[in-house]
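Going by the order they are written in, the chains are A, B, C and D; count residues from 1 in each one.
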Amino acid sequence: MSNADIYHEMIIDYSRNPINYGKIEDHDVTFHDSNPLCGDSIDIDMKIDDNKVSDIKFHGKGCAICMACSSVLTEIAKGKNIDEVRNISKTDVLGELGLENLQAVRIKCALLSLKVLKSALYSYLGKHLDDSQDVDKLKEEAANLY
Amino acid sequence: MSNADIYHEMIIDYSRNPINYGKIEDHDVTFHDSNPLCGDSIDIDMKIDDNKVSDIKFHGKGCAICMACSSVLTEIAKGKNIDEVRNISKTDVLGELGLENLQAVRIKCALLSLKVLKSALYSYLGKHLDDSQDVDKLKEEAANLY
Amino acid sequence: MQSAQASFENIRKDFPILERTVRENKTLVYLDNASTTQKPNQVIDAINDYYRNHNANIHRAVYALAEEATELYEKSRDKVANFINVKNRVEVIFVRGTTEAINLVAYAWGRDNLKEDDIIVTTEYEHHSNIVPWQLLTREKGAKLEYIGMNDNGELNLDDLDKYLATGKVKLVTFSLVSNVLGTISDAETIISKCKAAGVLTLVDGAQAVPHMKVDVEKLGCDFFAFSGHKMLGPTGIGILWVRKSILETMNPFHGGGDMIREVHKYETTWNDLPYKFEAGTPNIADVVGLGAAIDYLSNIGMDVIRQHEIDLTSYALDKLSQVKGLRIYGTKDISKRGGVISFNFADVHPHDVAQIIDEEGIAIRSGHHCAQVLMERLNVAATSRASFYIYNTKEEIDALINSLNKVARIFKL
Amino acid sequence: MQSAQASFENIRKDFPILERTVRENKTLVYLDNASTTQKPNQVIDAINDYYRNHNANIHRAVYALAEEATELYEKSRDKVANFINVKNRVEVIFVRGTTEAINLVAYAWGRDNLKEDDIIVTTEYEHHSNIVPWQLLTREKGAKLEYIGMNDNGELNLDDLDKYLATGKVKLVTFSLVSNVLGTISDAETIISKCKAAGVLTLVDGAQAVPHMKVDVEKLGCDFFAFSGHKMLGPTGIGILWVRKSILETMNPFHGGGDMIREVHKYETTWNDLPYKFEAGTPNIADVVGLGAAIDYLSNIGMDVIRQHEIDLTSYALDKLSQVKGLRIYGTKDISKRGGVISFNFADVHPHDVAQIIDEEGIAIRSGHHCAQVLMERLNVAATSRASFYIYNTKEEIDALINSLNKVARIFKL
């Protein structure tokens, strides 16, 4: 995958003007994580009403790929119910931006926000459900994302 | 230096029938040390009268070279005054047995008892003299023997 | 049999050092494999290739070389995991060798889990690296170190284990799977099942096992497992600590530094995921790659084939050595309970003298305490001579050893 | 000048990896030398030769190979001692790298010498390996970790040092001789003389200094000194800790195991002489030998010649980079106070994106926090791009870097 393919218009635009960037003061759940190797760091806040993600915002620091993927991911998640959000996959995010063949190190940039989203979800479910097996599965899933 | 040269009659004899082997119950000084790499271990006891080594014995475990050198060394030291004993050198011991060209690892076997003797001496002098500089020099000398 | 024999002859061609002569033009007969093994061209070439074509620091950079180096490094982790049947690769930690592995456990697990009067149990035939770290730890904590004794056949007295376990104070039982002096293969199954029943963790020192026989940590069921690359055709400076994930997750870090952190702030820091939390600083990348090549090499031959070759050699050597007058062999004669290590003493001749005299014939064996002074005290000897075998050794080399002992007998007039 | 230039061109021929192409047939331009350096044939060959001809475990055996291996290993210790002007070779301890060296001090010196409310002083521009071990230690002891701040030129505020020293509670001041991000050369003379006056020990992290300029530990006057072989043409997996003998003699051992003991008994053990007391287990013998070859290589060129070459390159690069619109360089422009490391940010483009785009042109630079997150916070940036030079780099390569930045500008419409 050459850079000409990676750094297309949409990535550059999202990196300069991310969507859903910011904080939600009265969030129902928030989660922070970072990429130990490069220092990218992302927070996601969500409002959850009726089992639905009624609002979602992210903030943090990261490269163009991280920013673009966070924008796309939050756009995908918004309005979906929890089960649908749980099922968002790598390829949903990468596909949207044509990044399926990204090299290993950069995959971590691209998927950091998905990891944070999944972690946010298990932290929410852990508090609001008592199907702990389900939560563990989700935790494992987030940990093994890349 | 080939083994034919090292393992001559005298070494074999001394290893089976060491001279001055044993303990001195009413010693004036005793010292123990070992070779961390091979496990050879030697104790030397001395009686010191009128600044003279009136009696000296060694015991311990070691190879033929270690045993022969300990025999020869104690034989050299016996009857000498402290200054003369201080001046006993590697070559005095090695020369006596024709071991001047021993390889590095085995030098440690050959000189362990000389190291113990020097250490015994500085432990004696440390208690009986207060020329601490002299004692330190001797300590350093023992440490740097090989 | 024939074809196995043939393939073992081909193996020698992979080891350049075996063509060397030593001393006065004598062919090298290398019989100190328990100490360290020789390296095949495949391992030397892998290190070469790494430095000539891929060298870069790993994990952090996006450029091509860093990507290649990272991939090579992590592939070796998979090879290790696969080789000893570890299911979760994050449980495999690269360290310098068995010694560092055990010290890591003593520091990063031991200091948080041991308290006054607790007991750690080791055995009389351990290598110093499985004794001294526990002496240091138990002294620091006011805890006790106890020893499982050994019978005259070189087998552990498991009654001792029962006795200690019955106190309810044991926190860890640690033992070597194969003794580096006697060659005894420990009854790991019994030890570990007793410990499990008592809720006690187990550490297995696999330094003398992994190179010589199929080892399956899942099946073993221990909690910590350590071994060294340089004893299994790999380079010096690399070894493995495996820790069961449920325990590893509870452990504080050992070394602090690069790569083991998630976020560093002035006054607080969070840790990276496993296994990186325990791999601080630039690791020994080239030698990790070299170890991967060693594992490939061993896997290609097959660990069962290797074990059989060593059984053949060891039986042959035990037989020949028993016929030497005045020669005493330590440990069991039951080959099914013994690895390819034979310790002996020859009449009243000190092992150093034996080793030196036969060295002149090109024969390299070890003499001394073999980093097992507690065992030497138990055997009531100052030292032993030790011959230990590996895949490239032959019966002819054992004959050469036996022959050279005649020279010792001549010089010492035995 | 001419002839120095010419000889630097010859140098490139010694580094096989520099002939490689990467990505789409691009010549490799390796500018990540602060992370790790490439290896000349001389170093690769020394490792090769060790395994092909001399490999054996060291110190303990009497046979020929062991004698040769021990001699090679100990000769490297002499080379290290000589290279950094250590008078007493027993003060030189082989470790895995700078990270292990500093952790060794934190464990084996720190745990016995630090008590509640004591202070350890580090700096804002330290590598994580000179921060995290002290965080772990001070937390364990209820002690404090304090930071010498930095001005906007990337130079330390030594007033901070005075302030902490005045408390009378400081036990150790630790700092890097050259910053791995800013390239700042610390004013070691002033820091160390202040500490000496206050009776406080000093540790110097020489990881970015020893490879690039003449370092003389006697003259420096510090008490602990650490550096890594892989950053100075040597192999991965080997580094040095130097400790002043009077301090080393008071220190308890770090790792327990083979080689570091004098006599092991069941319940008590005595320690080996220096430096072996601190080198437990089979060391990384081959890479110690490789490091010796790296030192020979550097000595042959001459450290002053190397420093001058880096000054030339760095001045050139600073000049060219300053002309790139929107590019911000961190740290001092005074070349006499700066090593061959340049960190920068390019407009609003994240360093990862910069690094990835120019990687496609074959140019390898580092992007990220460079294991210096405390410094990133101080600079108020998430990350920087970093180019760092070594003996084989050329002005043409710097031109290639500058050129490649045009592509970044194009893609990001700067």
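Heads up, the rule we're going with is that a contact is a pair of C-beta atoms (placed from the backbone, for glycine too) under 8 Å apart; a residue touches a chain by one contact, two chains touch by 3 or more.
Small disclaimer: the values here were computed from a predicted structure and weren't measured.
Student: For chain A and chain B, let me know how many angstrom lie between their CA-based centres, rounded off.
Tutor: That pair's centroid distance is 74 Å.
Student: Nearest whole angstrom, what separates the Cα centre of chain C from the Cα centre of chain D?
Tutor: Roughly 31 Å separates the two chain centres.
Student: With chain centres taken as the means of their Cα atoms, state the distance from chain A to chain D in Å.
Tutor: 37
Student: Spell out, as numbers or ranges, the residues of chain A touching 2 or more other chains.
Tutor: 37-38, 41, 106, in rising order.
Student: I need the residues of chain C touching at least two other chains; which ones are they?
Tutor: Chain C, residues with two or more chain partners: 60-62, 66, 259, 261, 263, 352, 356, 367-368, 373.
Student: Touch graph of the chains shown: is it line, ring, star, complete or other?
Tutor: Shape = other; not a path, cycle, star or full graph.
Student: Touching pairs of chains, which are they?
Tutor: A-C, A-D, B-C, B-D, C-D
Student: What does chain D use to touch chain B in their complex?
Tutor: Residue positions touching the partner: 59-62, 66-67, 70-71, 259, 261-263, 272-273, 276.
Student: Please give the residue numbers of chain A that touch chain C in the complex, ascending.
Tutor: Touch list, chain A to chain C: 34, 36-38, 41, 103-106, 143.
Student: Going by the contact rule at the top, pick out the chain C residues touching chain D in the complex.
Tutor: My answer: residues 16-17, 20, 22-23, 28, 30, 32, 35-36, 38-39, 43-44, 47-48, 51-57, 60-66, 96-100, 102-103, 106-107, 127-129, 131-136, 145, 147, 228, 230, 235-238, 253-261, 263-269, 280-287, 352, 355-356, 359, 362-368, 371, 373-374, 377.
Student: Which residues of chain A touch chain D in the complex?
Tutor: Interface residues on chain A, with respect to chain D: 2-3, 6-7, 12, 15-16, 37-41, 61-66, 106, 109.
Student: Of all residues in chain C, which touch chain B in the complex?
Tutor: 24, 348-353, 356-357, 360, 367-369, 373, 376, 382-383, 411-413
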